[in-house]
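The structures considered in this document are given below.
Next come two complexes built around subunit A: one with subunit B, the other with subunit C.
Here is the complex of A and B:
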């Protein structure tokens, strides 16, 4: 009898530790995603082990490649700092794009057309400013403005189609993705193509949102200006959703359009506003992607980042701060993968597998919450019974 | 074996900030109709949810057929032959009736003894037999979204019977039904009992208990007050035990003093998207200090009149004048600002945003104006203070005050929140649609008193109700609607209940 009791106690102990960490309602919004990310790495480890490689080494290489951990040696003018800045450079459009998805979801709209809006904003900024001779101080702000307006107008149009003709935003977004991809490819191929790289010609550095090869401390680094804007915007968006009147209306329409209409909110107008805001963020993502991280556009390809952003937004729980964190994690995995594959001999695609696992597990967030609540109740009962005994 | 099929002993269940059930013991005999009576939030549904395995009690024991059991899931409850029809049905909208009934218990057959498939044909046949046996005819192939509420309820009942339930729990089954449907349902329940089933009926409608129940347990604020023999108890006695004080079935009111004309509706017509006339050429006038009630059987266009006045529905023809001003083309918000308060029929899908906090819902119609927001920014402090003020003033009960998610509040308190919010708008016209639907006697009395109070303050009241008693009780003027047309407008004193009932059925005098 006492043995059984002992066993139950020790089983309870490990359970209790997990529940104590995950069961605290106040911190659950943080602890559960972290738990799920760790879980994904455990599963990824198993896969890497099956491939006959050392998973810990592979993960360490990921961090090294992303500029979080130092590499054993660096090339000329390079260091951990330059790697880290490259990471931020890559992360910048990811934040914008994920914020675009998040605000749509808050307003009850699924903007699956972030990619198309990115491409449109990026294209106009490239063609109008990127190939001009404007000075840096004029060109950079204009790139942002034109990217924003380009994305916003397409987003707004999608919202308008939903409001006026009741066309589902998912359907119209996907169609616009194709239209934009092929129409813009036509113009790039016929007018702006670089015959060697088969991409659009490089833009004038003055218009670029990333300062490339800045020499400081004996290093050559890329300084992403857009990153600061992205962080400021994320904070601003949080404030906007929590405190502004329009933010309140967007959330109300997202939560219950009938009640929003009854309360006097113009639902159609709010839909269009939401999509235009989402589109403008996507446009900024496009500007910082095509005129920051790259300096040209690859024709006939939609940026996959626009789709990854859906998952990043969900991982960040549609919270702008959460999105900064989730963009950071996903960017590390994506950026560190090249280095990982060259050093550890693990194929680069494993990075995508890890990302996929994280997204898969993060989709179980609510389920885990439910499970924890249930087992917390059961544990308390057991404890009560033990006390009785 | 015990003579009781269900025994719940010393059950206690706590939720954050509230004791839902406090040391409750009830015993139910096999083959009886046992009623649970109590106000909203008295703990009836919680108690039955524990019997059905949705919650587990914090303290106490449940015995079924003389054996102690621990019901930790609805699946286990089903295995004990316990079934429950919830107040809000739990059906898959785009599945057929048959698919809904077999869900979770799909009969599996195998092609060539190898490839499993769900035998939907066989199931449909079984369901057909079952429904004929109990007089609950349904077409198993129809989809849930295509059938009305009363049929959906039949499906829920069939679902229990298909699972061979012996103990049937009905949670407020008549709340959503019309009088004829209620009659039918009560007959069915009586038949089920005659067939050997044990019935537990959660309700706050005394007439129903009087009509079919044998014994009745009365709950108040989580405690068991008494178990009565229905035959030997009066409804008045039951009502006062339930509320904890004497109930006057007749609302006290002074004679009406009409003031200026507030609302004038001139030959209003409303069509639906299929160009079908829902409201035909309706004209009516409501004055200050007048309760104008529209009586009618559900679905005769009365809700559309309210929606058209509030601006939620487009009007096809006609004019709406508020205080002499034509507001027919105004937006919803502009009408609210001009002086219209609207308590909608469906409080959960129109009146409230269930995922928002109580404070946000209470400010739902004011958030856009000063002092609730300044220069496009909400002032959370003002919104919260306002929320606290209304919670006090209208006695809105919730577990976490202004921060409570409205979804977690009881129906009665949700309605109090809406009515409080709308009264505070200080509008000259207040439209009430089914304001007491699904509420208990205490809450009904309270809300009817509030309506009279507003009238006495000089508001014009447009009341739309399916409860004839309610209309006879508080209306000054009655308009009877049938098939989208007003049949009769007369002062309430000059009409008897019987006359109103006849006009409602389209009998023209």
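Here is the complex of A and C:
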């Protein structure tokens, strides 16, 4: 009898440790994603081990490549700081794009068209402002505005199609993704192509949202202006969703459209607003991607960032603060992978596999929460029974 | 004119078989956006297997055509277990699960293709060459005016697809399994009350969808490019979903939709050749099926009858 008890106790102990870490309601929003990321890295380590490489070394190279850890040597004008600024430069559109996905999900809409909206916003900003001779002070704000309007109009259209014609937003956004990709490729190829790079011509530096090669402290740095805007916007969005009437309506429609309708919320209008907002954020992502991180557009290619943003949003639990953290992590993986592949000899494509794994595990988030709650209850019951005995 | 029908059919039929898989899954109540990833993974699995078999057993790769078809179905089915696991067992949001699987499929297949090419063949390539498929003509039938070209230059996979499609139609509408499956999508509680386990049935439906998607994927690999490469993720899986929505989740109307897409695409290329447009215009022609899809959805989505319990997580305790 006592043996059984003993066994139960030791089993409970390990369970209790896990539950105490993951089950704490106050910290769950942090502990579960971290647990999921660790899980993804464990699986990735197994893959890397199978290839006969050292996973820990590979992950360390990942951090070095992203400017988190110092590399053994740097080229001229480069240091860990310049690497880190490049990371922030890459992370800027990622934050915008993930916020776009998140606000859609809050409103019950799955915006898988972020890529297309990025491309459209970026294209308009490039063609209208990037190739103009406007001065820096006029051009930079205009790039943002035009990117925003370009993305918002497409997002709004997708929302309108859903509201008016009952077209699933996932299907229509995917169709738009392809249409935009090919149509814009046609225009870039016929009008704006640079025959050498096979991309669109470089934009006028005055319009670029990243200050390139700024010399300071003996270094050449890329300063992403958009990064500050992205952070401010994330904080503003959090406030908007939590405190404003429209934010509340968006969440209400996302939670239960029927109940929202009974409460007197105009569901159709909210649908369109949500998609337009999501699209405008995607447009900003496009502006900071094509006119910040890059300075030209590669025709016929959708930015994969629009899809990675789904992973980032899920990982960040659709919370703007969470998204800042998760875009930081995913950016490290994507950005550090080039250095990792050159040093550790692990193929660069492993980066998207890791992102995919994180995405996969993130999808089980709700289930894990549910499971933990259930086993917590069971543990309580066990404890109660033990006390009785 | 002949090429229009030949190319149209060879595009429409793989699309159709993927749509049938989608119908199985969605009529059982499981939203399946994963078709794109499933067809890619299926094609990858099939292509990988035949490349390896032909390499190690020195069999000419052309002879392994039917093995490739079969193993693609197996591969698609294996990967669809993941969608079933996430959306049925783990009760994840089905739309998200589908998209997750698409992204993961792309990442894994691209990674593995380059890696395996490197290790086994010592080549830097992201493609598996699977050889061209034979094509044949049915002599007498191809002489029929107007309809004749439909029997000319047929890929063998087209016949396989037709046979499986007929079987799938029979199972879906005429058997007890099909009846229960269709009931699942509208009222899973009634199926449960009849003593059938809903989640098991849905799992089977998703697996069927995976297998059929894999078949569609390898067919595209044979007909469009004669290799497996990341270019397989052209969005045809999504096109298949659009086709089944347009076909109102019924098999025969969906066939019509697929034919329309096939001929629109072939017609676009045909037009480009006839008008002697420069190659830059191929970008615009590529958009034809997608534009057509959107237009059709605008006109037909309103009258659609979506399976009532589609996308809902089945909860036994709920009434």
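Note that in this section the second predicted complex is superposed on the first by the 363 of 389 C-alpha atoms of A that agree within 3 Å, B and C clash if a C-alpha of one lies under 4 Å from a C-alpha of the other, contacts with A are read in each partner's own complex, and residues count from 1 in each chain.
Just so it is clear, contacts are C-beta pairs under 8 Å (C-beta built on N, C-alpha and C of every residue); 3 or more make two chains touch, one makes a residue touch a chain.
Remember, it's a predicted structure, so these values are computed and weren't measured experimentally.
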item	value
Superposition on subunit A - do subunit B and subunit C clash or fit	clash
First, second, both or neither for A:245, with subunit B first and subunit C second	first
Contacts of A:166 with subunit B and subunit C, given as first, second, both or neither	second
Partner chain(s) touched by A:314 [first = subunit B, second = subunit C, both, neither]	second
First (subunit B), second (subunit C), both or neither touched by A:203	neither
Partner chain(s) touched by A:230 [first = subunit B, second = subunit C, both, neither]	neither
Partner chain(s) touched by A:221 [first = subunit B, second = subunit C, both, neither]	neither
Contact breadth on subunit A, by residue count: subunit C or subunit B	C
Touched partner set for A:183, first subunit B, second subunit C, both or neither	second
First (subunit B), second (subunit C), both or neither touched by A:355	second
Superposed model, subunit B segment overlapping subunit C, candidates 25-33, 97-105, 259-267 or 403-411	97-105
Doubly contacted subunit A residues - partners subunit C and subunit B	none
Parts of subunit A lying in touch with subunit C, wherever the complex brings them together	51, 110, 112, 161, 165-168, 170-172, 174-179, 182-183, 185-186, 189-190, 300, 307-308, 310-311, 314, 347, 349-350, 352-353, 355-357, 359-360, 362-364, 366-367, 370
Subunit A-facing residues of subunit B, complex	56, 310, 312, 331-333, 336, 342, 344, 349-356, 360, 364-365, 367-368, 373, 376-378, 380
Residues of subunit A touching subunit B in the complex	243-246, 248, 251-252, 255-256, 258-266, 377, 381
Sites on subunit C touched by subunit A in the complex	33, 82, 86, 90-93, 95-97, 99-101, 103-104, 106-108, 110-111, 114-115, 118, 235, 238, 241-242, 245, 280-281, 283-284, 286-287, 290-291, 293-294, 297-298, 301-302, 304
